[in-house]
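The first chain written gets the first letter, and so on, giving A, B and C; residue counts start at 1 in each chain.
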Amino acid sequence: MAKTDPSPQNRLQAELPFAVVKGEPMTVPPEDLYIPPDALEIFLDAFEGPLDLLLYLIKRQNLDILALPILRITQQYMEYIELMKEVRLELAAEYLVMAAMLAEIKSRLLLPQPVCEEDEEDPRLDLIRRLQEYERFKKTSEQIDELPRMHRDTFEVSAMQSACKEERPRPNVDLKDLLCAFHEVIQRAQMFASHLIQREHLSVRERMSRILGVLNVEDFVEFQRLFDVEEGRGGVVVTFLALLELLRNHAVELVQSKPFAPIYVKPAVKGPVEDGYS
Amino acid sequence: MNDVKVKRVVEAALMAADVALSVDRLMLLFEPDAEKPSRLQVKNAITALQEECEGKGVELRRIASGWRYQTRPDVQPWVARLWQEKPPRYSRALLETLSLIVYRQPITRGEIEEVRGVSVSSSIIKTLLEREWVRVVGHKEVPGRPALYGSTRQFLDYFNLKSLDELPTLAELKDLDLSHPELDLPNPQEGEKPPLQIVAESGELVDTGKTRH
Amino acid sequence: MNDVKVKRVVEAALMAADVALSVDRLMLLFEPDAEKPSRLQVKNAITALQEECEGKGVELRRIASGWRYQTRPDVQPWVARLWQEKPPRYSRALLETLSLIVYRQPITRGEIEEVRGVSVSSSIIKTLLEREWVRVVGHKEVPGRPALYGSTRQFLDYFNLKSLDELPTLAELKDLDLSHPELDLPNPQEGEKPPLQIVAESGELVDTGKTRH
């Protein structure tokens, strides 16, 4: 917010040496802005557009953006445009727009100034705003580039995991899914089914499994031991039905040495065994 | 290079590397430097770093190809949860096979195949046996003596059932499934929910019964 | 779970993970346990671990998405030698585009081009999107509904930042006061003096640099 008055000190500032080369103070910027055409390709890549080039030209003359000497900048700018047009026309288009703008500003500055219209904006103002705006982001992008960055300035730590028996999670099953699966497979089966309908007791089939399980371990079990009195009449009936079903399926055999002797249940005579995985 | 700096470099390198680093490899990190540390300095750094791991969640371990930081086995169960994937899902075929074993036990593989209309892969039976949800309860006395499968205690435990009676009957399943209303048998209680007691006490299911021999 | 164990688990997890872990994420590691540590315990563990890094080759840093162990910048030259390839360099065009998106988000490609004075190549936008440094946050309701770009957490993570507030402040604009004395320098070729009555309204252009939305 430096609203400076044109004071002698400020005038003086422009005369101060902007650099000291080998002990010699330099007050005049070197006139080395010309770049040979064959270097132009590299030169073009070095600039990010017309604003960047303008900034460069201004900096090279050690000028403040605010003190934009339109004529000098325009002349130099045009020299580059001429070179550019020959090499990369498509890129030059953006630069040409800028050249036109510079020329327009220049022409407006040359027009006589009507005294009354004090409000008219300086034609350079918009360009200066754009240059300043661009410069802010140019500077900021340089700062971002300098931020400590992964894989350039710092690396993430990655300790190995100690070898440890990995527990692979096993699938979870929802009971509903299981029931749905059953429902569907039965429905599918019904399409091929005969009309015979039979009622079966789930508990009988479970009991059949249980009896077979006991026989798997003991091989030879007294008939009575398979019944649990505590289950009551229902349980006894279920067990009996299960045994009958197993007999029918040739899964078990009943053995009785003589009348009224204890009855034994044993697995049916073993034939060749199928392991179930054939 | 002084010992402190050597130690800091060795530590950072071992921690950042994705592989174990040998002393030779660590020495190479200093190769272009004018003031290279000695091999002994690097080795000493490793020993010091190893001691610093005392009581920590990671340790500096020597394996065949060199040194590496790794998590200690006693914290590994927690660390492993970082990568825990969602458990996979069982196939439809497996669930159907399981449901048939549960509802139709004891049942042979051939009988399952007959209901499902397709063969049952060995891997499905194996998975169910490994999971201990089904077991071989006997063998059917028909040619080939095929194994008879039944459900297990573990199966009931997993699904939080006291007994198989708690499973709904097929008829009840039909009521639950609203997507196939046309298959419903005429039901006098249509529209009402069956009272809970009936579910528990009936424990029966209606099926086509075509699969028994 | 006692503090010592919590600290060891947190340490091992942070070291083993290849991404930053938030406190929430760390808490999840204990989720299935009967004796879960409190949030405070986990936070205290982090603070303690951070202190333990004092003087070491690695540090425990807070970045946008959580906590991360990483090597300290001063050992970088040696650690970088672990890898053959050099870190990628980004073009000025890319960095300028990135900084416009970061400081002026949400912003359209057209708006970026307006400030930069040149068109923004599609490959730059593509690279930024692929690196997940920027993302499309919406569309501007103007003809063509151009995409509006914004920065991401991954951008902050990559540049070691906790939040956008940690970014360098956008350089302030100089006051646009054209009655600057240097303009009065006699310029032999510049026939006339420009009218200098204009006093720009500084508030309009001077920006604190935090144009966040």
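One rule holds in what follows: a contact is a pair of C-beta atoms (placed from the backbone, for glycine too) under 8 Å apart; a residue touches a chain by one contact, two chains touch by 3 or more.
Quantities reported herein were computed from a predicted structural model and do not represent experimental measurements.
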| item | value |
| --- | --- |
| Maximum centroid distance from chain A, chain identifier (CA atoms) | B |
| Centre-most chain, if every chain is reduced to its averaged C-alpha atoms | A |
| Chain centre separation (chain A, chain B; CA means) in Å | 27 |
| Distance between the centres, which are taken as Cα means, of chain C and chain B, whole angstrom | 41 |
| Computed distance of Cα centres, chain C from chain A, in Å | 17 |
| Multi-chain contact sites of chain B, meaning residues that touch two or more partners | 12, 15-17, 58, 69, 71-72, 76, 79 |
| Multi-partner residues of chain A (at least 2 other chains) | 155-161 |
| Residues of chain A that touch chain B when the two form their complex | 155-162, 164, 166-167, 169-173, 175, 177-190, 192-194, 196-203, 205-206, 208-210, 212-213, 215-216, 249-252, 267-278 |
| Residues of chain A defined as touching chain C within the complex | 1-7, 10-11, 13-14, 48-52, 63-67, 69-72, 94, 98, 109-110, 112-113, 118-122, 124-125, 128-130, 132-145, 147-161 |
| Chain C contact footprint on chain B (complex, rising order) | 4, 7-13, 15-17, 21, 28-32, 55-58, 69, 71-72, 74-76, 78-79, 81-82 |
| Footprint of chain A on chain C - complex, ascending | 12, 14-19, 58, 68-73, 76, 79-80, 87, 90, 92-93, 95-96, 98-100, 102-103, 115-119, 157-161, 167-168, 170-171, 173-185, 187, 189-192, 194-198, 200, 202, 205-206, 209 |
| Contacting residues of chain B [partner chain A, same complex] | 12, 15-18, 20, 58, 68-73, 76-77, 79-80, 84-90, 92, 95-96, 98-100, 102-106, 108-109, 115-117, 122, 125-126, 131, 135-151, 158-160, 163-165, 167-170, 173-174, 176-177, 180, 183, 203-213 |
